[in-house]
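Notes to accompany the following structure.
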Amino acid sequence: MAGKEVAKQSLKVVMFLGSARENRVCTRVSKFVHEQLTRSGHDVTVIDPLEMDLPVLRQSMMFVKDWTTLPETMVKANETLVNSDTIVVISPEYNHSIPPALSNLIDHFPISSYKYKVSGIVCYSPGPYGGMRAAMQLRCLLSEIGTISVPHIFGIPHVTKALDEDGKPLNEHMESGARKLITQLGWYSEALKAKKEKDGVPS
Amino acid sequence: MAGKEVAKQSLKVVMFLGSARENRVCTRVSKFVHEQLTRSGHDVTVIDPLEMDLPVLRQSMMFVKDWTTLPETMVKANETLVNSDTIVVISPEYNHSIPPALSNLIDHFPISSYKYKVSGIVCYSPGPYGGMRAAMQLRCLLSEIGTISVPHIFGIPHVTKALDEDGKPLNEHMESGARKLITQLGWYSEALKAKKEKDGVPS
Amino acid sequence: MAGKEVAKQSLKVVMFLGSARENRVCTRVSKFVHEQLTRSGHDVTVIDPLEMDLPVLRQSMMFVKDWTTLPETMVKANETLVNSDTIVVISPEYNHSIPPALSNLIDHFPISSYKYKVSGIVCYSPGPYGGMRAAMQLRCLLSEIGTISVPHIFGIPHVTKALDEDGKPLNEHMESGARKLITQLGWYSEALKAKKEKDGVPS
Amino acid sequence: MAGKEVAKQSLKVVMFLGSARENRVCTRVSKFVHEQLTRSGHDVTVIDPLEMDLPVLRQSMMFVKDWTTLPETMVKANETLVNSDTIVVISPEYNHSIPPALSNLIDHFPISSYKYKVSGIVCYSPGPYGGMRAAMQLRCLLSEIGTISVPHIFGIPHVTKALDEDGKPLNEHMESGARKLITQLGWYSEALKAKKEKDGVPS
């Protein structure tokens, strides 16, 4: 049954950037993944902690009664998130854990905006292990908010040797790694989307 | 759209027991979950490390060329697994980590038997934290083998006060916790099942 | 050899608060732990993300050449940290992971300020599992920055029923849990302190 | 104070092998680390799941009243463990988690045999991430049994290209990685050892 020819759907992907650090390598990684997702026919919107410029979490949107008091960018970003099919996180590790810029961004939005969606983890590091330590924490975080991560993690070791500043791949593993992730994102996202359209979600 | 009336499907559930310890509490937990799954119309097959009596992993089935050399119980258990929709693990913690009886059982079967399925984590402990430490490791393990765990984890603290020896619940949290897990297992399993029937799985 | 009578040392403890959320429960937990540490003869300094009011991490102090450009509170907090023997984190979970307020605080200070120290994890949740999911991530984070956490984790389930708003304990587990943590903090901190005084640290 | 000249002590190291798999790569990794530890003047005893040939855990030694009913190898291995200063685990990942051969071995011995000791994690994988996913779980497991892992993890990616079958290093990272781990093991082990000799351990 595998490999049956089907028209692939275009997914609405929200891409969370995981760094607000100066001179962040995150830019090149997100450029590369953005390009790969677009080439696969998907529609990508970036949510960037540097642009959002949120404070360290005082209160999730979930607990704010009057959303007119919130920054418009936040309300708009949440709308995009609600309407999305799929979430992709582009994550470095800070001290080999989830960067606060990323968890802070994720935690600001209501859990209901994430539920019954699919996520993909892209992680990277300047050194040999590709950010896998942070990825293990992200698996848990993403599951807990109801946007389960697909099995394949796309980890990029020695990231500055793997991608140039414009996000152009410098070795042959980049495109195959991205493709594997994108294939899984497509399959799982289509599965959940069809289910939602047919039956809604559990109350 | 939530709550739309639909005929729920009967799922083929494989339940892995996570303990081979003498006088294991696992029995009462599995009885309870088995009963709850059956009542919800699902079909449950138990894979029990005590019955399987496997050695500590020398080689996954995946790497064995001639399966006639394997114990028949293992080949049969794998067949059940292949034909299942959903996996439920009933896990204590040993030293607050995944019990070796459970990881040893899981690791014996080929990864292809797990892929594109859904899993549920039931964990428990005699003390206050309900086995959540092992559950965090199980989330990762189950994702890595391609059977993603649904968001809700059903953790049972003070297990010997929560269930009697026959698996009868001793407080009101047991049935609601199980129901939440089973609802999610149903929703996600049906989603992936429909997708597999329609399009197969990625090659 | 266990239990030999010794004069216990007074430790310089830095306590990181893990929440900047409005109406944070963190306050009552930190009051309680502060009181317990003080009673044991230790000297506690609190580093509070609400008071520090740091932005989401742009750059660790480690990479800032001219520290006169930094807020004085940060430089002073780092001095306290450098001179401390022991770190205690008081952590809720946000989406069952490390709260960004805590990781953001930790990540701002240079790794060298943490190295060869000992840490203790106090976690809590309004629900049944006491914050153990975040604690598993904290174990890793704290190890990676070189301030290894002692074996005992002091997890507080149903926190609002366990401590009142002034941090007074409402059940008998609170003091015994704190005592176990503080005993281990004392033992390990004294061990590393003596070693540092005798031999310094590896270059 | 760093770098002060001191006579380094010889440590009694127990090395747990993490694989019982046929044709295990574990052998070459353990040979290499054994050689590096010996060169540093330490005394190494190997506990090998293949030699121990334990069943999947039915009962920890901790709960066995009459140890004359136990295999002599197990009682002897426990004695070695009790008398050791330091534990080193040599771990592959199975399904990117702790191999059952390793957790099964660890779980057989009483917790009291581990407490107030120091451990080191050596992990490896045939692929790019060096076994870091299993290492994150090992950090937690080792902390929970009271033998805290030192900050540096020695992870070996592409292991079959990094070490030959006799455990000879094939690149320059091997010796520096091992040295960093061994230096930390020495420092922390000496710290805890001196403390135990002076004050015993908490009752």
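Think of it as A, B, C and D in the order they're written, each chain with its own count starting at 1.
Assume a residue touches a chain if its C-beta (ideal position, glycine included) is under 8 Å from a C-beta of that chain, and two chains touch if they have at least 3 such contacts.
Predicted model only: the values in this text are computed from it and were never measured.
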Winner on C-beta contact pairs when A-D is weighed against A-B | A-B
Most remote chain w.r.t. Chain B, using mean C-alpha positions, is C
Centre-of-Cα separation between chain D and chain A, whole angstrom | 36
State, to the nearest whole Å, the distance from the C-alpha centre of chain B to the C-alpha centre of chain D.
-> 31
How many angstrom between the C-alpha centroids of chain B and chain A?
-> 28
Touching two or more other chains - residues of chain B | 133, 136, 140, 144-145
Would you mind writing out the residues of chain D in touch with chain C in their complex?
-> 1-4, 6, 115-116, 136, 139-140, 143-146, 148-151, 183-184, 187-188, 190-192, 194-196, 198-203
Touching chain A in the complex: which residues of chain D?
-> 128-130, 132-133, 135-136, 155, 157
Can you check the complex and tell me which residues of chain C touch chain A?
-> 20-22, 49, 54-59, 94-101, 103-104, 106-107, 111, 133, 137, 140-141, 144-145
